[in-house]
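Structures incoming, each one as structure tokens.
Both complexes below contain subunit A, partnered by subunit B and then by subunit C.
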Partner chain A sequence: MSLWVDKYRPASLAKLDYHKEQANKLKNLVQCGDFPHLLIYGPSGAGKKTRIMCLLRELYGAGVEKLRIEHQSITAPSKKKIEINTIASNYHLEVNPSDAGNSDRVVIQELIKTVAQSQQIQSSTQREFKVVLLTEVDRLTKDAQHALRRTMEKYMFTCRLILCCNSTSKVIAPIRSRCLAVRVPLPSVEEVCSVLASVCKKEGLQLPAELARQIAEKSGRNLRKALLMCEACRVQQYPFAADQEIPETDWEAYLRETANAIVGQQSPQRLLEVRARLYELLTHCIPPEVIMKGLVTELLSNCDGHLKGEVVQMAAYYEHRLQLGNKAIYHLEAFVAKFMAIYKKFMEDGFDNFMF
Partner chain B sequence: MSKLSLGGTASSGKLKSWVQPSFGGLIESSGQSNCSSKKGQRKTGEGKGKGQLLGSDSGSSKRSNKRRADCEASDFQSLCQEVSPTDQDEPWVDKHRPSSQAELAVHKKKIEEVENWITFHLDSKTMNKGGTILLLTGPSGCGKTATVQVLAKELNYQIQEWTNPSTLSEFRCDDSFRDAFDPHSRFNGFQGTSQTGAFQEFLLRANKYNRLQMTGDSKGTDRKVILVEDFPNQFYRNPGCLHDILRRFVKTGRCPLVFIVSDSLSGDRGSRLLFPREVQEELNISNISFNPVAPTSLMKVLSRIATSEAGKSGGRNLVPDKAALDLLCSGSSGDIRSAINSLQFSSLTDHSLEKSLWAAKKGKSAAAPKKAGPKPKAKSRSSKSADPLEESQAIGGKDASLFLFRALGRILYCKRESFEPSEAPELPEHLSEHKRDKLLVDPELVVERSHMSGEFFSLYLQQNYMDFFSDVDDVARASEYLSDADFLTAEWSSRSTMLEYGSSVATRGLIHANSARAKADCQTSVGFRPLHKPHWLLVNKKYRENCQAAQSLFISFCLPPVGLQTELVPYLAKLNNPMRNPAQIAFLQDVGHLPLRKFPGRLKLEALGDKDPGLLDEDTDGEDPARDHLHAKETTDPGPEAEPTPSCSQDAGADLPMSQPQPITSEALLDDEDLLIEEYESD
Partner chain C sequence: MDEYDEMYGIEDDFDQQFADELEVLAELEAEASPVAKVSRFREDAALPGRPVAMQPQQQSFEEAITSGDAALPRRPVAKQPEHMADVTNSPSPPLEEEPLTPLPKRRKYDVAKKLTFNSAHDDDITPPSSPEVYERSRLSLSPERRAVAVASSLMDMSGLGALQETPRRLATATTHILRRPPATGHYITVTNGNGERVYLRQREEQVSAVRSVRSSQNSLGLLAVPVEVLLEQVMERRHNQVLAESQRLTDLLNSNVHQDLLGADEDDDGDDKDGSSSRLWVDRFCPRHYTDLLSDDFTNRCLLKWLKLWDSVVFGYERKPRPPAPEAKNINQSQSGFKTKSQITEEILEAELDQYKRPKHKVALLSGPPGLGKTTLAHIIAKHAGYNVVEINASDDRSAELFQRRIDTATQMKSVLGANEKPNCLVIDEIDGAPAAAISVLLATLNRKESREEGEAGPSALKKKKKKETVLLRPIICICNDLYVPALRPLRQQAFLLAFPQTQPSRLTQRLAEISRYQGMKVDTGTLMALCEKTDNDIRSCINTLQFLHGRGHTHLDQRAVTSVCVGQKDQNKGLFTVWQDIFQLPRTKRKRIGREGLGGEEEAWLNEGAQRLQHILHLVTSSGETEKLTQGLYDNFLNMKLKDPSLRGVCAGLDWLCYVDTLGECMLHTQNFSLLRYTPFLPAAFHLLYAHTHTPRINYPSSHYERLI
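== the complex of A and B ==
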């Protein structure tokens, strides 16, 4: 039994549930059997990957769905061995170069070179190019992005690149200009609801419309999350109730508790406890950026309007440092401490005003 | 002539004619004589019984050492003082060796401790119960060996000391030629004796036989103590070897065995390696740890030597004044041997180079008390406490170094002293909250002497600073400085330069931010706070490993990491989806669930001992089997909240399911899963 997310993933461009106009355009794009390099971007859970796979299927047929996981090791010029996992079919290769950390440049150059240099044997029945799908391009180092730019031109004849990322702001302009950019926006709440309803129908379940709406709103229109939530609801309670509590992930609940702990008391001891909780979150694979974002959201809902501006500004400041610095905990802790200080001062002032 | 009775003098006079002086300059030769005289001192004190135990080998090496020391010493004196060659050639360290307990510069309690141990174990009643072992530790030059020797004299026992045979080839120099052609000689046991073997044999013999009665050995006591200061190199590589020998000794031995190990900062060498705590407990080894010699007693010894030498030399020796002695005292950082050596050197006269050095030093030392003018008492006391870190010395200064524990303490407790209002301009009104008293520590120097990179030091500070703060505002400022420090070193191309600035910002920021300790007079004592090792490295390592594991385990979902870690894995943990392999189940159990209890118990605090080297392996890629074994043991340990252990459990191992899964939701599959997890672990 696979997850609903995978089970009911549309397999062809025609079967997509939303953004149908865009799907049509994509279909027309590959009609002639060729396409330019693509840069597909949009928020997480919008369906980028689904669209890419549909596109590849349109191009190569069902063969692209036979995936195999390959473990490749690449030797850098400095004799350092880099291990990386790739997912490949006969026609395409998917790789996340940022897995290799600082050596992502080598991965890009070597992998694409090997793919591009191997010619297709039967070019009559197949396309004369292969597709390399690079995910998380926005997390590539500048070095790697520049290497990518060169590679794109060099191997245009034998290979096409599809780049996938959340935001183009971190992709350098030369790459953006070499690709056809396609933005995949999030589905609207209604679209999420309809997808949920159709999935439940296929599963043979009754999904109340209110619950679907709640799930859609709570998931932040992230369709993957919405489907996972829906499935979790199903595990939690069936038949569905309209006002059923939607299960949230442990880390979200944990983060909210952490935020409450911060608001509840402002003292060095409490900060120590918060630090331990932050460590706990980190060891559970929650990235520091996500922690910071979640923390700010929770804290904002807890604090007075006067403070909000300041808190957000602070969060932006430390989030920036988080990206630049080495050790996330310094910056997370500094943010929490700063918030505590501000909040305490605010509460004390408020108390004074109240008294006199 | 009474001078002839000094052993070394006669021989040096003779030797001078046929040994070429090997060092031309004064500085080199004096330095050399200092260090060789140290050797000489130990050698002379080590009892004459050893020669017969180790054969001609150690005897001759000893003699050659002695000879070298002597000739160098004579060389040294012939250069700087032509007039009377007899009076000064013996290093003062040897000449003024303590002869009674009263002369020892060691704290009385410590002497008493050692004395009690030795008298108790020398006692014939307890002697037959097997070997007993004493371990003396402490920084170099704090009087460990001297204490044992003085006690030997007073308690009337003999010392048999082990020295590493310098080479074994002397045994067979005669038949080396024959050896080359004789295939059997290689298998001839005696010649192949390793140092370890020789050591074992030494222990055995020292244990069994009394030493021969030599002529001139008037006191014939058969009470003796075996002393080991030199360790065969093999023991550093493989301490287990030593432990095996010791186990045997403890069973069969009849006399006390004393080990003397100097503390070292570099960590891997020293008592912690040779005598780990388990072994100390197992073999019932008593450990007495010496402190550096206190400045007052050091001062006492120095001035005693100085006056006696001045009286003897009749004006040829310049007696250093009080300030100079102070300087020597502080520069040696509690190492009495180096203090005496530099005293001897600095009190030599009629050499131009030396004079200029003196002048420089005098100028400096003269400047110090002048500054202290109005409040001499407080000043002198405070300057003494701060001196080892601040003053640098022209001659004989020792590189003071700090154990991490103390270095952290200096930053966190940040001692201050009040200063005269006239000394510094008053801060303007709006900045008055930043007013701080004068700091007694130099943070950069502390970091430098902690034998640790600034980055690591900041990590230690970050782990521990919170306990020393009472106000949230202060904490906010301190954490901001720590964040700044990390930010400064962000750019890798400039990191090597910025590291120092980063640590400076971190330490000074922390000190300044602590407004509760801003004034010298209101520095309320926070009491002793245990220090801990930083969690961050462990956490960060675990984070990376877990992320990698997540990606490799759930690669078939084709998700970007963030989506995988924040959406798929947590929700998978909520669904009762049958997974395909047990590793995935174990991973979900471990990472997908978060304990919603109040206090997370996974991270155990690891206390930092006062002599811990505190070096952490940032990322250990290769796991050695021993460590794997350790982990296997850890996993069998039931409690996630274990006591703080000194064992090296910094890294959490490469396998994820090792750490305790914490099921909080009762699931139907739970039993099966547990079973599967176990199977996986045994792989």
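== the complex of A and C ==
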């Protein structure tokens, strides 16, 4: 039994539930028989990957769904062995080069180049090119992105690249200019609701519209998350009640507690406890950006109006540093400490004002 | 007269010994002033006020000798006639003492000679006016007479000259007509028809000759340097050679005569007073006796005791049975884990000998940081216990085969030549650098007996004798800096381990004070304490620094000089925990840190304290090297420090520093621009300034980051 998210994932462009106009455009693009390099970007849970897979199916037919996982090891010039997992069909190759960390440049240079250099054998029945799908391009190092530039031009004939990322801001301009950028926005609440309804209908369940709406709002229009939440609700209590409590993910609850702890007391000891909690979150693969965002959201709700601007500015500053740096924990903790300092000062000032 | 002859028997002996030189000197003299020599005789009787000093019975040995030496061509006698008179007049010591202590006196004369010689060397000597004119008129000897005089003087110099007799008659003359050869200056021997001989002082005339040469040289100069000057130089060189040779011979003579009276130290002394020695003080003031050792007494005693355990096998002494409690011997090694280190050591020293009467641990392994005197200790103790020390150190090839051969040579053979044959004691220095193969060879040598023994049941006396060739019967002392080098692991289990504690600063200071006093440096105790602290009580480094400063011409040292000099501070790796501790702990107020820059004056001390601390931390961190782990440790521990920081400003600053360094690191890795690495040590420095406290911090090893990855 698979999750609803996977079970009811649309397999062709025609079956996509929302952004139908974009789907049409993509279909037209493919039907010409050729298409340029694509850069598909958008927030998570918007359906980028689904759209890409539909596109590939449109291009190559059902053969693209026969996937195999390969384990490749590449030797860097510095004799360092790099292990990387790829997902491939006969027609395409999916790699997440940022798995290799700082050596992603080698992956780009070695792996992708070899794939791109080799010709498609059965060019009579199939397309003349293969597709390489690179995910999380925004986490590639600059070096790797530069390594990609020439590959994209030189092997245009045999290979198309589809780059998938959350934000184009971290993709260097030369790459952006070589690609057709396609933005996949989040579905609206209504679209999420309709998807939820159709999935429940296929499952044979009755979903109250209020609950669907609630889920959609709570999920932040992230369709994957919405479907997961819906499934969680189903496990929790079947005959759906309209005012049913939607289970929250553990890390969110944890993050909220952390934020409350920060507001509750400002001292080095408390900071130490917060550090432990932040470590816990990072250990569970919650991206530091998400933690930062969650913290700010929670903290802002506890702040006075004067403070809000300052806190947001600070958060922006530290998130920027976070992107530049390597050890997320330092930056998160620096933000927390800064917040503590500001908050404490504000509270003391407020107390003084109250006294006199 | 008999007495006189006895006395001058010595002089004759001297003349015989130096006959060659004296001849050379005479020749030299003849060449230098072929004409002027005789014309300038001083037969100066014109100073009647002068006391007559010529009493042959009181003529001292030294004067006689110096007068023998004094036949030099260019001696500025004329300069100080009074001085000469003083010398001849000086009361000579009683005769009985002369052969006993001639050395220091001689030296004094030598020095005096040198001084006068050197000072007069380049100067134009203006001779005193009045007596000379007077003399010149009086002095006119016939050439025959002169020849006789020269010949007799030569005869006299070579010890063949007639002995003096009845000097009293001519003693009416002033100091310029001498009964004895004058102590310094030129003289001519004149023998009259009666066979009486007197010595006439000769005045130097060379100067005026040179002057006249120079005046003539103005007109015609084919050479860049006039030939006269060249000739002069050549002669001077020859003269110097002769002087040096005679000096050498004199020294040789002295050393032969007084070898037994004077120790080696005295000899060094003589060298150094001249400033000619280039020996390191470390070697010169190296302890020569057990009691001189600066290292910890307990360690010294333990090693000596251990070495004494070998006595029964090496020298065949019976070991005295010890009175203390027998239960100490019954306790197993396993139980001794609960005891203090010193107890364990004592126990080892009390342990039974094995069947070859060897101690249980056949190797002593000394360990400790450099400059504590480990090698010195090993050498002195081995000598003290009556061994001949054979040393193998890192400068020797230590491949397995060579090592084996050397060990065998050292432990199984013994020198048959040489006066006192002593058994060998092998000292393997710097063993932590030896390859593992060499150490396994050493181990095999140690354990040789066991492996053979097991094969044969019941060692009979005969077999034992046969095998005796191979069993290790000599003590081996190994020395290392780092006890925990992997190659030493097997050895560590078998060796008698002795860790050197730090040298006590008080003892070291005392010794340094002695040395500096000996060398004529003025140093106070505070300065020496500062020096000790700067070098971390490294004896070698301390003494070397002292010598360096002495060589630079500092005869008076103060604290400032010690702090300002950039030598002596060790570039030593410290453990991570030490570094963290130093970062989080303020230095004690009493002990001022000695940084590399010694800007520290008394008033500026307050201002500079921060700078010095900063320098210290930077130095520490730079030499430590493990930046990543260091940073992580700081991050993990800084919140646990006792912070007085209600506004959390310090915490924010620290975290900002961490962020900065993180960004820096990322940038460094991405752009491969490792020149940025130089900025990372400022993080610990900043942490030190932010969080350092007087309390001793409790530091945990940083684990959070790694726990996270698991």
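As a convention for this text, the second predicted complex is superposed on the first by the 353 of 356 C-alpha atoms of A that agree within 3 Å, B and C clash if a C-alpha of one lies under 4 Å from a C-alpha of the other, contacts with A are read in each partner's own complex, and residues count from 1 in each chain.
Keep this in mind: a residue touches a chain if its C-beta (ideal position, glycine included) is under 8 Å from a C-beta of that chain, and two chains touch if they have at least 3 such contacts.
Here the structure is a predicted model, which means the values were calculated and not measured.
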Notebook entry, point to check: On subunit A, do subunit B and subunit C fit together or clash when superposed?
Noted result: clash
Next item on the list: In the overlay, answer first, second, both or neither for which of subunit B and subunit C A:I87 touches.
Entry: first
Notebook entry, point to check: Given the touch rule stated above, what does A:K142 touch, subunit B (first), subunit C (second), both, or neither?
Noted result: second
Next item on the list: Using the touch definition from the top, say if A:N96 reaches subunit B (first), subunit C (second), both or neither.
Entry: first
Notebook entry, point to check: Between subunit B (first) and subunit C (second), which does A:L272 come into contact with in this model arrangement: first, second, both, or neither?
Noted result: both
Item checked: More subunit A residues in contact - subunit B or subunit C -> B
Next item on the list: Once the structures are superposed on A, label A:N326 by its partner contacts, choosing first (subunit B), second (subunit C), both or neither.
Entry: both
Notebook entry, point to check: Taking the superposition as given, does A:A334 touch the first partner, subunit B, the second, subunit C, both, or neither?
Noted result: both
Check: Thinking of the overlay built on chain A, is A:A242 touched by subunit B (first), by subunit C (second), by both, or by neither?
Finding: neither
Note to self: I'd like to know which partner A:A14 touches here: subunit B for first, subunit C for second, both or neither.
What the structure shows: neither
Item checked: Partner chain(s) touched by A:D6 [first = subunit B, second = subunit C, both, neither] -> first
Next item on the list: Across the two complexes, find the residues of subunit A that touch subunit B and also touch subunit C.
Entry: 266-269, 271-272, 275-276, 279, 282-283, 318, 321, 324-327, 329-331, 333-334, 337-338, 340-341, 344-345
Next item on the list: Show which residues of subunit A lie in contact with subunit C when the two form their complex.
Entry: 102, 141-143, 266-269, 271-272, 275-276, 279, 282-283, 318, 321, 324-327, 329-331, 333-334, 337-338, 340-341, 344-345
Item checked: subunit A contact footprint on subunit B (complex, rising order) -> 455, 459, 462, 466-467, 469-473, 475-476, 478-480, 482-483, 485-487, 489-490, 535-536, 539-540, 542-543, 546-547, 550-552, 555-563, 565-578, 591-596, 599-600, 602-603
Check: Which residues of subunit A touch subunit B in the complex?
Finding: 1, 3, 6, 44-45, 49, 67, 69, 85, 87, 94, 96, 99, 135-136, 222, 224-225, 228-229, 231-232, 235-236, 247, 249-254, 257, 266-269, 271-273, 275-277, 279-287, 290, 318, 321, 324-331, 333-334, 337-338, 340-341, 344-345
Item checked: Residues of subunit C touching subunit A in the complex -> 635, 639-640, 643, 645-649, 651-652, 655-656, 658-659, 662-663, 665-667, 669-670, 704-705, 707-708
